[in-house]
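Naming follows writing order (A, B, C and D), and every chain is counted from residue 1.
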Amino acid sequence: MIKDPQACIVRKESWKDYHLLSLESPKIALEGQPGQFIMVRITEHSHPLLRRPFSIHSIDGRNVEIFFLSSGLGTSLLSQKKTNDTLDILGPLGKGFNLNDHFKEKDVTIIGGGRGIAPLYFLAQRLSFLGASIRIFYGGKTLADLPLKDKLKKAGFDTFFSTDDGSFGFKGLITDFFKAELEIFTPIHIFSCGPEPMMAKIAKIAQKKKIPAEFSLESVMGCGFGACWSCVRKIRRGNKEEWVKICEEGPVFSADEIIWKEGDK
Amino acid sequence: MTDLSIDLGFLKLKNPVIAASGTFGYGLEFSPFINLDKLGGIVVKGLYYSPCQGNPPPRLAETASGLINAIGLQGIGVERFSEEILPRLKDYNTAIIVNVCGEYEEEYVSVVDFLNKKEGISAYELNISCPNTKKGGLCPALSPENTYTVVSLVKKISLRPVITKLSPNVTDIVEIALSAQEAGSDAISLANTFLAMAVDVETRRPKLANIFGGLSGPAIKPIILRMVYQVASCVKIPVIGLGGIMSGSDALEYLIAGAKAVEVGTANLVDPEATIRIIDELEEYCVKNGIKKIEEIVGTLITQ
Amino acid sequence: MTDLSIDLGFLKLKNPVIAASGTFGYGLEFSPFINLDKLGGIVVKGLYYSPCQGNPPPRLAETASGLINAIGLQGIGVERFSEEILPRLKDYNTAIIVNVCGEYEEEYVSVVDFLNKKEGISAYELNISCPNTKKGGLCPALSPENTYTVVSLVKKISLRPVITKLSPNVTDIVEIALSAQEAGSDAISLANTFLAMAVDVETRRPKLANIFGGLSGPAIKPIILRMVYQVASCVKIPVIGLGGIMSGSDALEYLIAGAKAVEVGTANLVDPEATIRIIDELEEYCVKNGIKKIEEIVGTLITQ
Amino acid sequence: MIKDPQACIVRKESWKDYHLLSLESPKIALEGQPGQFIMVRITEHSHPLLRRPFSIHSIDGRNVEIFFLSSGLGTSLLSQKKTNDTLDILGPLGKGFNLNDHFKEKDVTIIGGGRGIAPLYFLAQRLSFLGASIRIFYGGKTLADLPLKDKLKKAGFDTFFSTDDGSFGFKGLITDFFKAELEIFTPIHIFSCGPEPMMAKIAKIAQKKKIPAEFSLESVMGCGFGACWSCVRKIRRGNKEEWVKICEEGPVFSADEIIWKEGDK
């Protein structure tokens, strides 16, 4: 856990409501793992007060990249930052995805919905480094919600795109696309991040097919480093269910541990 | 060099800056960021006798320059605290204050009784003012009588100084403070959070699962500062001010208004180094203004 | 098209947005910026019987997302108001509400008695809750008994509906609201400002000459919203919510929590067009969410 | 009184802590008079909440210019705005200086201290247009507080500079410089803006010499257009003293009307 009060924006990329900021922060870049996140201070003034959590989207040498959707006050202010502005960030935080040699030359599937793609690019890079054979499913409401499609393709991953309105790729939910494709292949592991209902569906499919699956969860975070107990989710631990701080013990959990919210079955 | 130390009578602090309960975990969470030895003190997270699960999420909602929380005092209870946390806190050279909670009056007594036997605690802070406990509300600090009852019960058995943490959700804060003083409280910390709520207009639901929560942060500073000024002019025991302190200047407002020390809450979440920065800023102010000892400025508000 | 009108029972409003007292002058100050006819209503600046000089300056201090004022109800008194202002307000087609002040109980009665004879007033709003009057404080709204006394005295002689404006500086807001209802108040407006202060650490003086003032603005919204929700669930008369409303979304939080209408205060200073913008945003929300009549959303908070 | 929610910053000039913003706002530019001011919204968010008042420093065609010292939260945020950003402004507000043909070919003196020079440049332009012969006294703590000295000289005014530390011009207070010069000439009118103690001294000198004088006052302003009664100052009206809203009836008042604060004699 490092506080870098002066991480410089060295590169910025924008697609309508989605933005990528590359922040020069060598120490955090050195330590960050896929699935971990950083807390970004939006303003030095008192409103908005809290930092905002963003997954590490990629690490490029000395730079930590985040990729986000401008959807509220904090993300909209953040989207207005310019190259050479500096940001006060904390990271790397939380526990990331489970990565090990076990994935070598094995089929793994990554499924991202909307801004949920953010942590999965970094994950795919590392998995590919570990020698895994990767399929990426990437879904959005419409074409504009798939800003990273070219980047994923270019990186050489096996890509599967869907849009709800059919403006690009498979028409329909990414979960349906995935389910259909499962007729043809069976990955040894699934990694996913996106809207809760999407992840809940994937968890169900995975459990049915007995494929281990990991998900990156979200919750409102006060601090990001375990001090405030605001970010809890009910997590299954053996026979018990407890409120667990997802900033510390997550944000990545396995399908067995997660209790999906009402209506997310 | 300025002398930043503060003498509360029953306790000497290195400096007036204490980390506030519930925003500083059990203290250890901040050791990756700051040197805990530099702090005036640490108030650890509120402790019930038994572990407590707290409220369901969402537990936090942001508001203009503020924060509503309904953590509901999730915590590990006195036993695990004594076994797992206290021994590790002993390594640090700062005042450790335990924030004591109770669902009923006797629970405060049980917690204090249990902790009396443990080493490494400088004082107790009685949290009689939490607006969002799970059971929806033992909040003795809303009445002078209940304040008196809890404080005097605890004082009877406490082997350590007792700081009573008051609620700002009252008509007459001075009356409650006097009642805590009369019951033997060694100091007053002022204040806990304001009972508050927020609504998500898209879903038409409360932003907190618990509906209500406690408002903290810069938004509330002007109200609590007024209360600290009113109380400090009326009681004889030291007053510790807290509410919305983000900077040295905020802390100074409290000291000048009459607080002998301050606690820093929400600021820790925003900036884990906040307490240290505030201490540095206090020192700078003293140097700049030729103040040799920070105690000199306590209660020096010029009203004429 | 959405029907934005609100029926308070004793008064129909074009829409739920009323300009709050003291932040909208005598109304006319805003005619260069907006069409006053579009407003649900206007509460004019607080009136004592006689002209009042108010407090010495500085009268205003800014705080995080808030504003402390100690105007002290400077104003022109009922006679000049009736002669110079009322006739000009008649040109506007909106509900004119007079904010009635008193240094002692009978003054409320004298003001209302005097104004009873004048035309062009839709209702009185009893300001029994100003935290910074010159004399330092007749604030009947701090106790249920005093609230009852003033409201019933006024109701006895008032020829117009009476809205009682409560203070948020109390332990139990529901108790005070019930007492206003019992005394015959036709509605409740909730709330006036929080008693607050700020210190200039360089001069070590209060930022306001009056030391204390009233805190308003976005900072206080979460606390007042909670009070409106509590009160609206307990009283039968309509509740008008106010405190920190800057946008349509803020107003909606109040309506959903149970307020039948809202008042907009501090926002008028920041943006003289605020009331109109808020009305437009309410309409947009209704259109977007298929709400035919805005009254449908009052008190629809989903808590389960 | 016009609200212009989108006044574009068409030019920005900065000297250390002093800044000039030229705002395209044709309607306000058309109506603004010397001594009047505008209220500038600093942020669309809630902190800092209130607008800030700034005198009209100059009017350049369709553009209204303000000149300010970055001294607190609001002015520091304002100083970070860039060309092409837009600002929400209200104006022109208040009553300005008394200008009429009476000044033609007459000696008038303008005295500005620090940022108090802001309204006086516009005033000097108009007075010069009216045919007056103008002396401008401009004082500051040190050379860095006289950013407009070259501009005033270039504009052809008769200039008198002072710094407290002697780093430029007369060494000492501008009031002393002015007093000394009064041995040589007597203006028919004095206009001034600056720190209160400076203005109070000038008022005293003027009254002694029976020279009419006008001053632009400041006070904390909640609205700027007469609605909140926060900006009052005690003003002498005949035999009476009243709290008067300086945003409406000022900010310019004559020496006879002003009651200087304690200690400003």
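Following the convention adopted for this analysis, contacts are C-beta pairs under 8 Å (C-beta built on N, C-alpha and C of every residue); 3 or more make two chains touch, one makes a residue touch a chain.
The structure displayed is predicted, hence computed values, not measured ones.
**Q** More contacting C-beta pairs: A-C or A-B?
**A** Most C-beta pairs in contact, of the two: A-B.
**Q** Give, as an integer number of Å, the spacing between the C-alpha centres of chain B and chain A.
**A** That gives a centre separation of 36 Å.
**Q** As a quick test, compute the distance in whole Å between the mean CA positions of chain B and chain D.
**A** Measuring from centre to centre gives 47 Å for this pair.
**Q** Could you work out how far the Cα centre of chain A sits from that of chain D, in whole Å?
**A** So the centre of chain A lies 54 Å away from the centre of chain D.
**Q** Could you list which residues of chain C touch at least two other chains?
**A** In chain C, residues 64-66, 217-219 touch at least two other chains, as defined above.
**Q** When you check chain A against every other chain, which residues touch at least two of them?
**A** 46-47, in rising order.
**Q** Draw the chains as points, connect those that touch, then say whether the picture is a line, ring, star, complete or other.
**A** complete
**Q** Across the complex, what residues on chain A touch chain B?
**A** For this pair, the touching residues of chain A are 1, 3, 41, 46-51, 88, 90, 219-223, 225-234, 242-243.
**Q** Using the touch definition up top, name the residues of chain C that touch chain D in the complex.
**A** Touching chain D from chain C are residues 22-25, 29-30, 32-33, 45, 53-54, 56-62, 64-67, 69, 71, 74, 217-219, 246, 266, 268-273.
**Q** Okay, in this complex, where on chain C does chain A touch?
**A** 64-65
**Q** Where on chain B does chain C make contact in their complex?
**A** Result: residues 63-66, 68, 142-143, 169-171, 194-199, 201, 203-206, 211-212, 215, 217-223, 225-226, 229, 244, 249, 252-253, 256-257, 285, 297, 300-303 of chain B touch chain C.
**Q** Taking the touch rule as given, give the residues of chain D at its contact with chain B in the complex, in rising order.
**A** Chain D residues touching chain B: 46-47.
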